[in-house]
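Chain IDs A, B, C and D follow the sequence of writing; residue 1 opens each chain.
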Amino acid sequence: MYNKFKYRTYLLLNPAKGNEKWDKLVDYFLVTLISLNIVAVILETVDDVYNSYNLCFKVFEKFSVYIFTVEYLLRLWACTCETKYKHPTIGRLKWIFSFGALIDLLAFLPFYLPFTKVDLRVVRILRLFRFLRVFKLGRYLNATKLISNVFKSKKEELILCLVITLSLIILASSFMYFAENQAQPDKYSSIPATMWWCVTTLTTVGYGDVFPITVIGKILTAFIAILGIGMFALPAGILASGFSDEFRKRKNKEKHICPHCGKEINNERI
Amino acid sequence: MYNKFKYRTYLLLNPAKGNEKWDKLVDYFLVTLISLNIVAVILETVDDVYNSYNLCFKVFEKFSVYIFTVEYLLRLWACTCETKYKHPTIGRLKWIFSFGALIDLLAFLPFYLPFTKVDLRVVRILRLFRFLRVFKLGRYLNATKLISNVFKSKKEELILCLVITLSLIILASSFMYFAENQAQPDKYSSIPATMWWCVTTLTTVGYGDVFPITVIGKILTAFIAILGIGMFALPAGILASGFSDEFRKRKNKEKHICPHCGKEINNERI
Amino acid sequence: MYNKFKYRTYLLLNPAKGNEKWDKLVDYFLVTLISLNIVAVILETVDDVYNSYNLCFKVFEKFSVYIFTVEYLLRLWACTCETKYKHPTIGRLKWIFSFGALIDLLAFLPFYLPFTKVDLRVVRILRLFRFLRVFKLGRYLNATKLISNVFKSKKEELILCLVITLSLIILASSFMYFAENQAQPDKYSSIPATMWWCVTTLTTVGYGDVFPITVIGKILTAFIAILGIGMFALPAGILASGFSDEFRKRKNKEKHICPHCGKEINNERI
Amino acid sequence: MYNKFKYRTYLLLNPAKGNEKWDKLVDYFLVTLISLNIVAVILETVDDVYNSYNLCFKVFEKFSVYIFTVEYLLRLWACTCETKYKHPTIGRLKWIFSFGALIDLLAFLPFYLPFTKVDLRVVRILRLFRFLRVFKLGRYLNATKLISNVFKSKKEELILCLVITLSLIILASSFMYFAENQAQPDKYSSIPATMWWCVTTLTTVGYGDVFPITVIGKILTAFIAILGIGMFALPAGILASGFSDEFRKRKNKEKHICPHCGKEINNERI
């Protein structure tokens, strides 16, 4: 009886497993609550809104934190239903230190901290962790599989792209430092400072706070910027072929049967 | 006789259906008129042009509005030729509240409003709806099918891209708000204000009105901007594989023969 | 004898047709001369360089113009070797008004104009046409075929992209005009002026000379900029599938023969 | 015995050849040392860090230069193990003037120069060559093969892209020079100066230090910027099809059987 109730709770809080009407309802309620929390954190930083609806924010904060606490405790209790966390003590400890559970914990823990005598500013920064609730939404999304598959299958190439990019940034920054340091010692003050310029140029953001003024610097920048186009093209090309492969794989998995004779058709022929 | 005339009108105003010389002529006339209207609205906002050709604009406005009114009324009368809007009253009401018809109505309705005692400034903003005529041009374009097919088949992936982008914007903005708020309280005044910076950075627009000045902010921006390259690459990759698939499908429609029985296979099954 | 000499001249000046040593030499000489001319025009605009090497530029100008004049006259004389321009008078007139010949003519004609009493400033602008010599280089490039093929096969989709882009610019500009005109009447003074902002935003150039300051304007810009990413992705996707198709076509054209039995292998199976 | 020891040294310093535990350890040690050197050069340019840890940098510099010198001399001694550099004198001279060895030499040579009476500023610029150590990391990366293969197979198309880009820059710059020179003689002072603007626009960096203010200049810029999108799309499309081809090739290497005789076909022929 006790175990059955625990299993019911487990299904209720794990939307991917339970399929009944109540499971969906709890799921929708939690997703909505998380979304509203994100909106609240964002709006709280707007002074006008915060001053006008001070009380609303505090009440909503309290309400959602209590809900999240209850959800966390119920999950902690019911997690033993999963084979991975089967052991009543060690399994639960394992669960507590899993990535998802830690995020859940940090989502409401900062709320209880002001009761202790902690410096308020530290708490304010800790509240940032409330934003990790964004990741909770990820748990509810099933369709992420395709994109994550593509990233996994092209992982090596993308890492190589990143390494090439970083090397390019280091090289370009050091060259530019020697080219522009004399002319603009305040903006190209050091190689790390030049890297800031390099990143804004290679990604084509180009804020315009730092730009070369010497002839050599401008010629170097032209080369770097044109290389930047190539750098954009590389991950686009890799991911494009990745998506093509993934879709072809899925297509091949479907059985093809000739409607006339009923035999299966070898997919490689089509 | 009456019905035949109505059907003739229906064909005349629905270029996709009628194929006679007159149908094409009416079609070309309406497309030209719509295009000229768009040009007129654009040029009216240039003070020099408006002051010089004040009368021309007013005459052209009157002329085109009358034509559009007549076209609208004729369409309303003839729409019952379509099976969807067969019923003389309910069918016509349905037609009036269809998206295309509402746009058509809004295209000329604001013109008749100044006769009533409405505040002029409101009317000026209402005139903006005249721009919805741009959508009318879409009705005449047949080739949009391919691109819309690709978007439809990759809808889920593109929505996921958008969700990832939005999550990234929310996360990056909140982190940046805490990193830069102290140093630039006027520019990074709140998370929504920081989002403005985040959008201009992630899309690599980089106006340069807001940019980080703290070291932590610059490092965060570097990460966000490099992630922005990947974000560009994702939809490009998805759409590239989408176009490849769509072209392959069209090619496959040419013919397919089962290797077992030699009969042609209906392509839609493959 | 006369005809043989003319045909020899024709081959000499059409590098794609003649294959002898002298044909290549003349070809290389002309390409080098055209390239040097482009460099000269560019450097002439730099005041320091122009003042120092005034005479050099004038001598080189004279020399190259005489060469181009001789080349033009020889081509005019020899063009009748081509079946298209066979007729001695009409064929030559046809040749004169062909696109390539007009560019060639404009490449040296402005040089002879100062002898007549034309305003010098007009001549200076006419000198711009000397830059059309850049197109002459195109005649010597054979490898452009692949890229032009891809563009031809995807012409319709790319034009549709352009139409979508233009519609987006018109719509976005008119909305932004009404959103920002009140706040920044000098920068968003009219819809055409707003279009300038719209182009720099959608292409993610983002100079930073015009940017929205109202909340509505910023939200609109965020939408437009994110749509801009999609706009980048569309032509990239279309062209990627175009290149894949073109390479597949070329591959399929190669015969595949089994090295064991010598029979041809049906390409569609591989 | 002597030769065996030399061969052992050769294997030790060429990680791609040796597979023993010691070979890996030496490899990891050198990669770490090179990485730390790069970090040191970057941090040395930050005045605060340099002043605080002056001694550390000098000691680390000395240590790593001695290691690199020993490595270089050992390589020079052992390089004759390779068939390419077999001859004791000529082979070694060949090795010295190979690209990799020259980089290795320049990586530590500037350190010994201050002992001679050379101007210090020249030495500082020479220290830039220490950055060529970045290339040394490349030697240790095996996975670069795929990306370099794609670049090799699409070399012609990418070069053509570059030629198109350069032509576009030349043409656009000269047109813009004539359009904007009168209005902004300080920013669009010459065609090479206009090229700087053109590169920042076409690559969509858009610093905002130079931008057109005349109507003709703005219209030209709009065309150039929209062409810039196409320019971005071209290399992305080419590389996307390149990656697809490369992955298909690898897949095809798995096996291929002739449908006529049933024997396996050597893949390189297909």
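List of remarks:
By definition in this document, a contact is a pair of C-beta atoms (placed from the backbone, for glycine too) under 8 Å apart; a residue touches a chain by one contact, two chains touch by 3 or more.
Note that this is a predicted model, so its numbers are computed, not measured.
Chain A maps onto chain B through a rotation of 90 degrees [Cα fit, steps of 5, range 0 to 180]. Annotation: the chain C:chain D pair of sequence copies touches via predominantly different residues, less than half of the used numbers being shared.
Work out the mean CA point of chain B and of chain C, and you get 32 Å between them.
Centre-to-centre separation of chain A and chain C, using mean CA positions: 44 Å. Among all residues of chain B, those that touch two or more other chains are 204-208, 232, 236-238, 240-241, 244. Contacts between chains leave no pair untouched here, as each chain touches all the others. Interface residues of chain D facing chain C in the complex, by the touch rule stated above, are 156-157, 160-161, 163-164, 167, 170-171, 173-175, 177-178, 189-193, 201, 204-208, 211, 218, 221-222, 225-226, 228-230, 232-234, 236-238, 240-241, 244-245, 252, 256, 258-261, 263, 265-266, 269-270. In the complex of the two chains, the chain B residues touching chain C come out as 38, 41-43, 45-47, 125, 128, 131, 134, 137-138, 141, 143-144, 146-147, 150, 158, 162, 165, 195-196, 199-200, 203-209, 231-232, 235-244, 247.
Contact residues on chain A toward chain C in their complex (touch as defined above): 204, 206-208, 236-237, 240, 268-269.
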